[in-house]
Structure formats: C-alpha cells, structure tokens
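You will see subunit A twice below: alongside subunit B first, and alongside subunit C after that.
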Partner chain A sequence: MTVDSTAGLSRAEAEVAARSARRPPRRRPGIRGREAAAGWLFTAPVIVLIVLFLVIPILMAIWVSLSNWTGIGSPFSSNVKFVGTRNYRFLLTQDGLSRQNLMQSLRNNFYYVLFVVPLQTALALFLAVIVNRRRLAGRGFFRTAFYFPSVTSSVAIVIVFLFVFGGSGVVNALISKLGATGPDWFSQQAGIFHLGLDKIGVHKAPGVLANHAFLGQSWWEWLSGPSLAMLVLIILAVWTTAGTFMLMFLAALQGISADVEEAAVVDGATSWQRFWRVTLPMLRPTLFLVLTLGLISTWQTFDAQFILGATNPTVVTPAYLSYQTSFNNQQWGQGAAISFILFFIIIVLAAFQRWVLRDRDEAREKRMIRKQRRAAAAGRSS
Partner chain B sequence: MNIRHSRIAVAALAAGLIAVTAACSSGGGFSSNSTPSSGTTGSGTLKVLIGSSGAAETAAVKAAAAAFTKQSGVKVEVTAAQNLTQQISQGMAANTPPDVFYLDTSSFQNYAKTGALYAYGDKVSNPNDFFPALKTAFTYNNHFYCAPKDWSTLGLVVNTDDWAKAGLSAADVPTTWDQLAAVAKKLTTGGRVGLTLDPTHSGIDEFLLQNGGTLISDDKKSAAFGSQQNIDALTYVKKLATEGSMKYPSALSAGWNGEAFGKNKAAMTIVGNWIDGAMKSDYPSVKYKVYELPAGPTGTKATNSFTNCWAIPAKSASQANAVKLVDFLTSVDQQMAFAKAFGVMPSRQSAKDQWTSAFGNDAAFLSQAANAHPDLALAGGAQAVSDYDAKLAQLATTDPKTILSSVQKNITAVIAQNG
Partner chain C sequence: MSQTVEPTTATTPATPPSRTRRPYKVGESRLFVKVATYLALILAATVYIFPFLIEIGTAFKTDADATANPLNPIPHTWTTAAFHQLAQVDFPLWFANSAIVAICVTAGRVFFDSLAGYALARMRFRGRSALFSALVAVLAVPGVVLLIPKFLVLNQLHMYDTYSGMIIPLIGDAAGVFIMKQFFESIPLSVEEAAHIDGAGTFRTFWSVVLPMARPSLITLTILSFQGSWNELAHFIVSRQNPRLNTLTSGVATLVSGQLGKGNQYPLKLAAALLMTIPVAVLFFVFQRYIMRSSEGAVKE
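Right after this comes the complex of A and B.
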C-alpha cells in the first residue's frame, strides 16, 4: 500500500511537470492538418443517426412534456400550447390520481430495484467464480446453461412464468403437496412486508405510519415491500439477467493473471481472503459496470408489465405507466413528463453509485494534483 | 477554439435537423374543434384498420369490404391491427390515420374531445335504428359521431347439469337479488362456487345500475358513485363473496370468468355473448343456458353493454366514401353475416327479430337491450377506471363505501379537468 501511494505521488508530480511543459504550439498546416475534417467525415453517419433517432426525439419529448399536445397531429403545430410545468405539477405536487399512480409505480420499482440489483449481481458473481474454476467438469455446459435464460425472448419467459405461477401452476401444485394453499400470485396486491407482519399478528398500520403521508402515500404504504406479483417478476429478472452479468464477470476473472493469485497463495492467504482482498478489488470496474447496467435496466423495466397487461397496480413501473398514460389515457404531456422524472432518478442514482464505488486511491491522486496546481498558480501570481 | 467551433457546428446541425423534421411532420395546422358538416370527397383506396378477434372476423370483414368494392367501385384495404390502440395513436400523431377503424367507447371519448373524429353518425341511413344505449355511447356534446359496429350485453349464464343436480328447475331461475343469492348458495358445493364475476367495473357495475344507482351522467358532466344505492349494491356483491357463494376467477385458478365457468369451477356467471366462442372451442361438453339478469330490489332491470364503432377521422381525405362503406357494413344483411361469422349481436333494432330467431339460445342477451347501459367511459378517465378496477379486485376485504368514495373523488377530478 505504501509503495503504491508513493508511486502515485511521483506519477502525479511528473504529470504536473509534463502539463506545464506542454504549452500549445502555434497551429500550422501539415501532414496532420486535415485529420479533424476526416474525423468528422467518418463519424458523420453515426452522428446523424444519433441526432436523428436519439437527440431530436429526446428534445421533442421535452417539448411534449411541457405542452398540452393531445396526440393528434404534430406536436409542433400552432394549436399546441406551452403549459410550463403543469404536467409535472400534476405528477409531483397536486394531490390526485396522477400523483398517486406515479408514486405507487415508483414504490413498486424501488422495491424491484432493491431486490433485483443485489441479487442478480451476487448470483452472477457466484456463478462466474464457480464456472471459472479450473477443475470443474463440464464447464462449457454450465456456462451455456446459465447463459441460456438471457438469450431467450423475454416474451416467452414471461408467458412461461405466467403458467408456472398461475393459480393451478407448478409452484402452487408443489405448495399444495406440502400441505399449504398457494396464493393467487398475479392478482395479489398486498406487499410482502405487510403479509409478513400480518402473520405475526400486526393486522393494521400503527397510527404513526398510517397517519403521516409523503407525496400522497402514507408511510405504511411506502413500507409495504413488493407484492407477490412483483416478487414473481423479481425472480424472473434475477434468473434471466444473471447469465449476462456472469459472462462479464467471467471475462474479468479470466483477465486476472494467475501470478496475482499465486503471489497471494505464497503470502499465505486463505481462499476466502483471496476472494475478498485480491479478486474482488480487481473486479471493481466490472462490478461498477454490472451495477450500473443493472440499476438502469431495472428502473426502466417495461416488457414483463406490457405482456402481463398489468391489471394489478402493484406491478406497474414508471416506464409502463408512461406508456399507459400516453397511449391509453391520451395524456401525452404527462406520459413524457413521467419519463423525464424517471430519467432524472436514474441519473441521480448512477452518479451516487459512481461516487460510492469511486477508486479511492485515484481520487486522492486527483486531489493532490489539484492542490499542487493551486499552489503553483499561487506561486506564479505572487 | 477548435472545440467551440465544432460545438457550434453540432448545434447548428441539430437545429437544422429539428427544423426539417418539424417541417415534415407538421403538414398543415389541425383545427381541433371543428366538425365539418360535409365530408371530404377524396376517391383513393379506403384504409380500414380493425382490432380483430381472430381469423374468422378478419375474413368476414375482408369479404364484406370486397362486396362493397364490387358494388361501389371504391377500393378498400382491410388490415387487422396487432395493437389497435397504439396503431391508431401513431396514425393520429402522424396525421395519417386509417380512413375507417374500430374504436372502443373509452377511446372514443378521448378522440371526440380532441376533435379527431368526423361526426358522421346522422349521415348513415336510418340512424335512429341503432339501439339507444349504443347511440348514447357514441354521442359527444350532442353529436352522434360514429355508427356502432355491433355490441354485447351481460347475461346470466347457467350450467344446466349443475342446476339439475342441485334440484333446481326452470322456475328457480333468479329474477331478484334474493333469489340469485339463494341459488348461488345452493349451487356452491364440493369445490365449486355458485357464481363467478368478472372482477372489474365491466362485470360489476350492472348491480349498481340494478339498484337504481347512476355512475357518470350521459353528458359526462357529473358523477354519482358514492350514492347509497351504489354502496348497498356493492355491499350485496361483497356479501356474496364473504359468504363464499361468489368467487373471482383468479381465486378459481382461471384467467377470466368464462374459463372458470367452462372448467365447472362455478355453476353460474355473468358474462357477455363472447362466452359462446370460448365454450364451443374449449369446453364443448359443458351444457349451459343464458338468462336475463335478475332485477334489483326495486324491480329495476339493468345490464352493462359493450360496443365498438366504425370511426372515421376528421383527417380522412375520403370521408364521403368512408361513410358509404360504414353504411354498407352496418346494413341489416351485413350485420347478420357478421353475426353468423363470428357471433356478434347486431347494433340495429331492425335486425333484432332476425337475429333472435337465428340465435335462440342467446336470445336473453338481446332481449335486455332496452335495459342496457353503456360501459363506463370518460375522456382522460382510463386511469381512474383502472384504479376502480384494482379496488374492485379487493372487494372482499375492502369497505364498499371507501371504494366508491375514492372512485367518486378520482372521477370528479377528471371531469373537472375536462372542464
């Protein structure tokens, strides 16, 4: 560790020195003079595609979320009016069904993310470590088997789950073999925390939680946990996505040189210590990638809800609510506004996660460089 | 400096592209509240978009369209939609909606409100021949917009074997709520319940109406969900559930009430004539009969009804031809052809006798026509209605008054928003 940080320091110093030496020379035409133009030329097709199908639709959606567009004709025609933050106010500050639905969908999705992201990451890492073992027989088979759900169409999987968890499905048949009656999975609306409390004799909300509300939902409702229907979707998501992330972890694991592990063995580290102190820190970039992808995709989950038709309000997510609001209720402004609220949530969470998972050594280095630069600047000005 | 330059270039490029797309998409302003008195007279191919129930319906509509082309010389192109609601929305947004399409009653409210539809209802021959409940469903601001395609009402469907086994005779067919509760109780034996209901407003509102309650007024300006009649009606349904003689299909491991009835997990259900197709294909051995719904305590008869219309958009270039096509499709002969092809009920009163003699088993569905009320529909109300449905699904464990007062609050808010 000590060796490392001194090395970092000297590298930082070198960089500062190099930067101050690298004063931009006067530009002159030469053999590389046309590079910029060529670069633009070669990237132009992609830029045009991105602008046309990503940037412009996003800008149009921003306009729709601030307008009273009714879905008839172009949103830029003269009779579409700017309504400011009206759509956002309906969703965020005004007590009513719009806000209630959005908050319920955020609650549903929050529990979905809370369960899916850690479970899928842990399962993926676990599977990757197992499959990466050199002495495992039939490694190829397991790799394929674990990856299989990820390449299967989500429509097929959701429909299979509908049968498996149906009223007379396999799961309920197993439960009845054990002498209990299985629940009615997809129409259950009560949260699992509430169901659990009900089992231990808490049938009603304690007054403190029932009487205090936040954004139109009482604290008791916020703390409901996912419903059984959502729980099925959580299981589905973990099962289908773990394979993809396993592959990412596997690639990273194979990138770790055997020398490192051997060195740790020579130093007398147990296999447990080797995993936590050597392997896992080296997987940090992949872990960041997996968590970010997981976080984004779970906040945007839509397909399962779309296939289910989501008659159960406890499985509706903001992405699906945005679709419903726009297409079924013809409230395009509110639908677009929901998607931007979701966008904002994802950005904030991704930034937070980036901060939590930052490389602390690197951060220290950057701080050092900034400090030195300030000192140098102060020295020059005095 | 270089970077700044390129940023300006990108911004200019983006602005240019936006201008181009905006120009492409905003072809001509759209005046929202005008309802043109005389339609457009383009003569191009009529594009018809249908939400088909299956191959039989698609084939029947295509055959009818071909017959129309032969008669009038106007070309018609029929497409069965994958997702009707979404495809209509896309067509409307792009200013290229199909010339004629199926439209359900709740989407109708939205599109009529935004002025996207051509109000041609009174231009088809004999518009007063349509059943009154259907005319009401497609009237907005006193304009009769579009011709009802066909319709369904709810009837009491009874498994005749279960009925006989329970020692019941034809005289025991319930005509009052008390009798319904009594036979439902009697039929609840050995893992089977007496009655199953569609757990949404479509399957339960008829009880509210039978009790003399009202939901949303016909002019869509007021709502009265919280009335005592409605509370009492829901309390009656809840009592059937808590006594165990009524269960929702999901509790009987069925996807919908027809399936629970077909699997003989319930001896009776309240359902529309779409059950015939399911019984024929999935449960051919189950014998059943259809009766009129029982009347409420004060003798009020009521049933819920469901329909689609042949909508013509305000943006269509060939409205005159489209109206001719709809006129052809809603003629008595054509409606009878559709009834034979895929089992729907005609929307014209003049077809009633012909249909009743052809489909005697289903006569009870149509004999209730005078007591039919259009299904709940309100512009911008889809979410309020699905919230109502979600609450009805929990009826067995919720206070009816709580449900209805919250529905009243939500629906009133939508009405206020509509202005």
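Right after this comes the complex of A and C.
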C-alpha cells in the first residue's frame, strides 16, 4: 500500500546514504565550536521529534506490555501493577481466546505474505522487463498506468475493490457471463485450500491433522490457506505495489550495460537464456531489496483490515489485532505485547531473508580472507 | 530482450542455407515476441486502468444502475446525487482537515528535514556519525508497531484529539533527512565557501544560498510528504476520536466500514474515493518525473 511503499523507498535511500557516509570528511577552515553548535541546532528539531514520538513511545509501550493498564488514567499511576510476562503468556503459551485470536491473525498474515511477496515481485519484474524494451510505443503511458495505484490512497483503493469484488460487482458479473455464480467474496471464511479439497471430495479433516495441534490451532486449521476475502486483499496488494517495485527493477535494468546483453547474443544465447543467466543475476541486489521491502511491508498491513476486519475475522492481521485489542477491548497490555511480537517476527524474518539471499561468493571470499588473517596472526604470535 | 542486434541477416539471401535457417527462425519468433509483448501490456494496462474508469463512472450512477450494470463504466442516467449526499455528511470538513494536516506536515518536514540533512552533509561536529547511525536504525523500525506507543505518548502529553497531535508526530521523518542529505552532498562546496567569505552566517548561507539550489530535491520531498500525509490512515485512527477531527482517510474508512451491513450505496462510496484521489492524482500528473525519479534513485548506485 502507498504508506508502506514510501517507507520502503526511504529505507532504500538510507542504504545508499549509509554507503556515502563513509567517505572521509573534507578539510575546511572554520571555527569548530560554532560549527558544532550549529550542527546540533540544525538537527535538534528532528532529534526531538524522533525521541519524543519514536523512542519514548517504544519505552512506554514496553512498560504497558508488562503491566495491567486498562486505558483508564495514566499508565504510570500507582494503581497500575507490573505483571511480568503475563500478557505475553496469555498470547503465546496459555490456551484461550487471546492466543486463539493471535494465532489466527498470524496464520492470516502468513498466507498473505506467502502469496503477496512472490507475486508482487514476479509481476513487478515482468512489467519492468516488458516496459524496458527499447522500441516500445507508449512506454511512458504504460509506466504511468502501472505506477499510478501506488500513489493513491489505500482507503480509496479498498473501496474500489469492495465494489469490484462485491456481491453485485464487476468480477461476479464477469463470472456470471461465463455461466457460473461468483462467490460472496468478503463474507466467506473458509480457506481456499479447504475449499479446493472440498471440491475434490475431502470434506473432513484427516485425523492426523485434526487431532494434532500447534499453538492452540490444529494442523488442519494451519493449512487452511487464505480465505476468499483475504485473497481479494492479496490481489489488491499485488496490484497496488507492483508499480513501485517495477520502477526499482526498471532503474536496475537501465543500469545493465548493453554490451553484456550483446555479448550474450553473440554467444548464441536465446532471449529466455539471456533473461535467466544474464539479466536476473545482475538484478540480484534489486531483487533482494524488493523481497525485503515486500516482506517488511506485508507483515505490517493495516489499512484494509481496519475497513474489513470487524466483519470478517479471516482478514485480521496482528497489526490490526493489536489495535483492536487495545482500543476496542481496552486490553492495552496485550495489545502492546502483540506489537512487540510482530516487531520480533519482522526483524527475525528480515534477518533470515538476508541470510538466505546472501551473496554466496562474497561470503566465501570473506571467510577466506578471515582464515588467511587468522593464519597470519597465528604465524606472528608463534 | 534486445531487438537491435542483427535483424538483417535473416533476410540476406546470399548466406549459405545452413546459416540462414536459424536467424530466420529468430526473426519469426521475434514477431511472435513482439505481438505477445503488446498483448500482455494491453491486458495489464486494462487491469490497471479499468478499476479507475469504473470508479469514475459509478460515482455518477444511481444506486440501482450501479448494482444492475457493474461492468459498464458509463452511467445509464447521469446523476450527481452521490456528491450532494457527500456534502450532507461531514465530507467537506474532512477534506479541509486533510488539507490542513497535509500542508502543515509537508511544510514542517521540508523545513526540518533540509536543516538536518544540511547539518549531516556539511557540518563537522562530535557525534555526527553516531547521529547518522541512529537515524538509519530509526528507519528500520516498522511503523505499524508504533501505533499503540504513539497513542500512549500523545495521551500523556495531552495532545490526543488535537490538530497538533495529528500533525507533529508525522513531521519527524528520518527518510526525508536522507533525501536532503544526499542532495546537499552532491552540490559543490565552493558556493558556500564564497558565501562564508562574504560574511554570511551558517543559517544565512543555508537559507539564501544552498536551499534555492536544492529546488529539485525540495519538490520531490514536498510531493512525497504531501502524498504520504494525505493518504495516511493509521496515525489518524490512534491520534484522535473526535469526529470533527476526521481526515478524509479516517472519515471515509469509518463511513465505509460502518455501512457495510446496510445497503450498498456504491455511488456514494466511489464518489468519496474519487474525490480523495483527485488532489494526489493532480500532483502526480504534474510532477510525475520527480516522483518516478525518487523511487528510481532508490536503487541507483
């Protein structure tokens, strides 16, 4: 969604900026003391804002997640008690409604990520490759058309999708033209894997899956797949964000020198081979960036859930659940705890992805250098 | 997928048969690729544009027409009833609130981000690199986990349900600092030195010499900030509950989620969606190259 994508860009810019920051400082005459004062003065407003609305809030939320605050009065008043990890225990280890809701939201969001991230990356890459063709009529037009949803409000887009997939909407009208009846997209709660199995005659959970549970949900439930309502939100996310990522791929494609492609042509590579063996490996850094940004933003999806979440529990995500738990149910401790659980999930997954997609050659090279250094050091010390 | 290389060999009759075969096939498949490419593009463009046509058309339909002919974007009978109805609910107020918030956030971000970006790019002071690393760390914090924390601090500061509570937290924006820092690093140092020699102070140099040179980046930052704050939803859900303070996003979202059960009223909802899209769409089409460039620049080495 739009909000996520701008945040994503900024993170990318940060990486670029971080690289340029390592340049040595320039020599320049001037009065050091005054420059230091001016430096802090110039950065002070931003520092104050970030401390006040990012650092302090996080610290406060850590306290609230460990307390029994119910939203009445200040969370620091004397009648708010420290309860240790009770909120986290309710959410993670104790059987009950809290854990059930959290696990369902994690399952919903897991399928959302599982479908959105690969699909949006593939679509973005596909669009970038075809828009990048050198002799293409209306290049600018197509680029604008694919990018435009990225800048529009997520609320407006959700409304359009509500109509397009609504009971009497565009998609169902198309389906009935084909002689079938479209489903009731937004109120369906069964997972699509379950629906698919139902079609081929599996109406009931196999005993193994139904009788074994993990974190309070049976394996049969874990393997449900996204509901139809969530499927619509998956399509929505892929449709809106592909344009942003397409631009990133386009920039990278334009950075690939024509010589490389020509060399591949001369070597007799077909265009299919050229794409897989030449273009794609060169896009690796961008691919990594897009996958990471996609993974981070899909775990944060909130806007569509705010509009639909109250009517269908199968679209609820942890981000929305933490809002609902705090603001609607006044269980602020649990709500804050859900935020931190989500925070933890995002950090761990981003690190895991970094590790999976690491450049193996580079890693091997680094290991070699380290080994040599160690050997050299050992040689010196003995 | 280069098309530029050796298309002529395919039609050269003088080449021996063993060599003509392959290039000829390539030429044939090239035509096929071309047709397939355009078909794919047109199909994709339809999928991308049609929903917006539906949005515009349905906004001018009657409820019955919208339900009966969802596929046809052209109304049977044109009506502006949906827009009149929107004027009855607090829509104009929401629009004004969105405008106030977006303009204040944009102005604040552009000013403070360029100040901080300039300091980080040009001034040498103790703790600068630590400060920079801290800002990088800030960017890594997923925004959505801050919703409840932000409410807590606004409540504590008695800024909940006020314009300042809706505006000020959005101004602190590490991303904009980076955009500006990168830009300031790209302009030559000599200009500022000349200003210094002429006796201009640090702020004076920044304000009347450096900032005017930063116009392209300032435009980019302005548009990104305006678009971001205009489309922001989550922050306005946790920073206020007074209906008089609804922005377009929070107001329309509440309207839609509240009425889901009762009737369809699609022309009304789509008219609201259309009206809230227009300001950003206008900005987008006017300043397109600045927006596109900023996201392309994100991956440029």
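In the analysis below, the second predicted complex is superposed on the first by the 331 of 382 C-alpha atoms of A that agree within 3 Å, B and C clash if a C-alpha of one lies under 4 Å from a C-alpha of the other, contacts with A are read in each partner's own complex, and residues count from 1 in each chain.
We adopt the following convention: a residue touches a chain if its C-beta (ideal position, glycine included) is under 8 Å from a C-beta of that chain, and two chains touch if they have at least 3 such contacts.
These figures come from a predicted structure and were not determined experimentally.
A.B. asks: Please work out whether A:Trp222 is in contact with subunit B alone, subunit C alone, both, or neither, and reply first, second, both or neither.
C.D. replies: neither
A.B. asks: Which partner does A:Ile56 reach: the first (subunit B), the second (subunit C), both, or neither?
C.D. replies: Both subunit B and subunit C are touched by A:Ile56.
A.B. asks: Determine, under the contact definition given at the top, whether A:Tyr111 touches first (subunit B), second (subunit C), both, or neither.
C.D. replies: In the superposed model, A:Tyr111 contacts neither subunit B nor subunit C.
A.B. asks: Does the superposition put A:Ser74 against subunit B (first), subunit C (second), both, or neither?
C.D. replies: Both: A:Ser74 reaches subunit B and subunit C.
A.B. asks: Check the residue A:Tyr88 against both partner chains and state whether it touches subunit B (first), subunit C (second), both, or neither.
C.D. replies: Neither partner.
A.B. asks: Look at A:Gly166 in the shared chain and tell me whether it touches subunit B only, subunit C only, both, or neither; answer first, second, both or neither.
C.D. replies: Both partners.
A.B. asks: Quick check on the superposed pair: does A:Thr311 touch subunit B, subunit C, both, or neither? Answer first, second, both or neither.
C.D. replies: Touch status of A:Thr311: both partners.
A.B. asks: Could you let me know whether more residues of subunit A are touched by subunit B or by subunit C?
C.D. replies: C
A.B. asks: With both complexes superposed on chain A, which partner does A:Trp299 reach: first (subunit B), second (subunit C), both or neither?
C.D. replies: Touch partner of A:Trp299: subunit C, not subunit B.
A.B. asks: Identify the overlap between the subunit B-contacting and the subunit C-contacting residues of subunit A.
C.D. replies: Residues common to the subunit A contacts of subunit C and of subunit B are 36, 40, 47-48, 52, 56, 60, 74-76, 166, 168, 172, 311, 326-327, listed in rising order.
A.B. asks: Okay, in this complex, where on subunit C does subunit A touch?
C.D. replies: On the subunit C side, the touching residues are 1-6, 33, 37, 40-41, 44-45, 47-49, 51-52, 54-55, 58, 66-68, 70-71, 112-113, 115-116, 118-120, 123-126, 128-129, 131-132, 135-136, 138-153, 156, 168-169, 171-179, 181-182, 185, 189, 193, 196, 202-203, 206, 224, 227-228, 230-234, 237-238, 248-249, 252-253, 256-257, 260-261, 264, 266, 269-270, 272-274, 276-277, 280-281, 284, 288, 291-292, 294-301.
A.B. asks: Quick check on the complex: what are the subunit B residues that touch subunit A?
C.D. replies: Within the complex, subunit B touches subunit A at residues 2, 6, 10, 13-14, 17-18, 21-22, 25-27, 29-32, 85-86, 89, 92-93, 95, 107, 110-111, 114-116, 199-200, 248, 250-255, 315, 379-384, 386-387, 389-390, 393-394, 410, 413-414.
A.B. asks: Which residues of subunit A touch subunit B in their complex?
C.D. replies: Within the complex, subunit A touches subunit B at residues 36, 40, 47-48, 51-52, 55-56, 59-60, 70-79, 96-98, 100-101, 166-168, 172, 184, 186-187, 189, 311-313, 324-331.
A.B. asks: Spell out the part of subunit A that touches subunit C in their complex, as residue ranges.
C.D. replies: Going through subunit A, the ones touching subunit C are 2-3, 6-7, 9-14, 16-18, 20-21, 25-26, 28, 30, 32, 34-40, 42-43, 45-50, 52-54, 56-58, 60-61, 64, 74-76, 126-127, 129-136, 141-149, 151-164, 166, 168-170, 172-174, 239, 244, 247-248, 250-252, 255, 258, 261-262, 265, 271, 274-275, 285-286, 289, 296, 299-300, 302-303, 306-308, 310-311, 319, 322-323, 326-327, 332, 335-336, 339-340, 342-343, 346.
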